[in-house]
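Chains: A, B and C, in written order; residue numbering restarts at 1 for each.
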């Protein structure tokens, strides 16, 4: 579990850390669009330089990003191999057997897919490593605000998200404790066949759910006692302020966007 | 002479009125509970059975009893957190009803047993702000109030911390800060110290005593802890959903070994008296503090 | 079972930037059938220490011996399973480990994991219910219908059903009312006395330590700062106060009287010990005026 870097926050003081979470969220989305627009060596080159520059600016060592890729490695290899073996005919055929074709087109395409995966994982890892979960939640709810007009309960969703995030460490501790208690009663977690493993999860999941329900009940009582009626009629303590650096980052992104439009193969 | 008579009688009336007024503020009831009953779902036995009592403004009232005796149910009823079926609760002149429940909650701050399950905010300052946000306090007003409340409970070095990095005692202090920020007149502690270690418990009680002085709070504490009960002006004993006793700590503690049946711990002096009795020594039957008992032992042993 | 720790060090997430040393060079010997109380502040390493005894955590360096079992950093999990059967562990708020549909099934869960037949385990479950002071008529009920105190008894019965020789108790009375606490401590005392169970108790209740424990280990910042019998550990209240630990009430009281010239031999730690010595002085000095 401790090797799983995706979704972790690394507290450092860098420009990237200080960016408005709304800017970071929107730009991450924008970045994914850019990754899918790139389709030749020059445009991918621009994106790679861009990504490395962002990582450098965040002061986070590259090692963390490579660690972030590791758990997803099999998924990447699987997709790339699939693309390599089953891509439609096109260009020079290197190998042919039954329904398997390895073509020039396939090799180039799987290479691009590999780079796309890598870039997207790196940028989303950068987002989570440089932004506190709470700020992501605040940013998301702030961005969702227009949805109020179509009667989406944005504030309630934001409150739920923030409470869920707040309880993640508490429930993780609880899970560790329950696992230890059951191991002490002779349960072997993660050993034996699939059926045995699935069965060993029951003594963990049942108490964990019971505990989560009890906590939820206590929490709702406490919230009510503290005057919580609904999420709409509340003021906000935590607000986000758009800074000059956010605008500057947007401008850099738009220049990058223009460059990719200019150099991409149409 | 006539003049003198008039003056003195007027004076008499004035002093009489003044006296009555003084007595009224001293004994004014901030909470009045009358014939309160409550039953959980389809349970046979009521959790509360015809409970009536008053809470005086400014006093520290302890409510003791076994686990499952109905203490917590009672505390929740006072804040309108359980819809009791019979009886009335009046808080600061307002009778509790679905219409007044939010006004009543303005007057009451409550702290519960499990420090983890009442921490709503993602950080200390967000949590302290929670109650203010619910009351739609503007952000400009909120910032200084949150800061002051955190200072008041001595947590200013932790304002940005997340709850998972705090101890149980620190979390309960944050809960107190959340209450300081909304300035209620009543504080209810529902076994708020029972999950803390001795150091955390001690710090929490000191803090509550300080806040009570500074903010003129009325304190109701539901507890098993003998030190917490000793702090009180008055103790109510609940058993099986009924109010069975109401007395001062000294009177309650004089019950000696019967205290365990009431859900309280024995004060040390009661334990010592029992142990002395077993050895043929008859100590005085009234409740004694440790200092008083020490004095008595010293007198008895050196007066030869 | 005798327990010995030799230079045990434990680091959480060893070898990462998040590494945190929780135990440092801990060594002690606890004799068979002992009753050890481990005291110290929150975060002093008490819970980490007891989790080494049934190898839920393995030492980063050093050796732990529990009778014939030896735990080193290289011991594999397969070697440890028999040990876990002998070392029963009652965690803080153990009622949160209950999960079965009936109380009987939950108590029988542990013994079955260690290879007991379901019939034998069920029979044992009913026996254990009685041991922890609950009626066997409870056996078919759901554990989630019980009160908190009863749930805790069921959880403890589930640990006792594995017939451990060592019982580790991590703040077993937290959250109970005084009567429940008393009954629980009496149960452990009975198991210790009648069945010779070695007991390791983690607690903040100094009165319980003075009353029940034979040996005391005092932890501070991951180090074992004191180990000895109760009199050795509590005989010096000034040292305890200097380490911000509570002093048993009886010892506090005795110390106040000592300031007035009372002589104690040794310093009483419980109300009974105190009354005993007072009674002695009473007979010697107070006969003529009483």
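Here is the rule we use: a contact is a pair of C-beta atoms (placed from the backbone, for glycine too) under 8 Å apart; a residue touches a chain by one contact, two chains touch by 3 or more.
Not measured: the values here are computed from a predicted model.
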| item | value |
| --- | --- |
| Chain contact topology (line, ring, star, complete or other) | complete |
| Longest centre-to-centre distance from subunit A, chain (CA-based) | B |
| Distance from subunit C to subunit A - Cα centre to Cα centre, in angstrom | 44 |
| Intercentroid distance (Cα basis), subunit C paired with subunit B, Å | 33 |
| Subunit A-subunit B separation of Cα centroids, rounded to whole Å | 47 |
| Residue ranges of subunit B touching subunit C (in the complex, touch as defined) | 66-68, 113, 167-168, 194-195, 197-200, 224, 260-261, 263-266, 268, 271-272, 274-276, 278-281, 290, 293-294, 297-298, 300-304 |
| Residues of subunit C defined as touching subunit A within the complex | 13, 16, 18, 51, 54, 56, 77, 81, 84-85, 87-89, 91-92, 94, 96-99, 109-110, 113-114, 144, 158-159, 162 |
| Residue numbers on subunit C that touch subunit B, as the complex places them | 41-43, 147-149, 174-180, 182, 204, 244, 246, 249-250, 252-253, 256-257, 260, 271-272, 274-276, 278-279, 281-282, 285-286, 288-290 |
| Sites on subunit B touched by subunit A in the complex | 76, 79, 81, 102, 105-106, 108, 110, 112, 114, 116-123, 125-126, 129-139, 142-143, 146, 162-164, 178, 182 |
| For the subunit A and subunit B complex, residues of the former touching the latter | 133-134, 162-163, 165-166, 169-170, 173, 214-215, 218-219, 221-229, 233-239 |
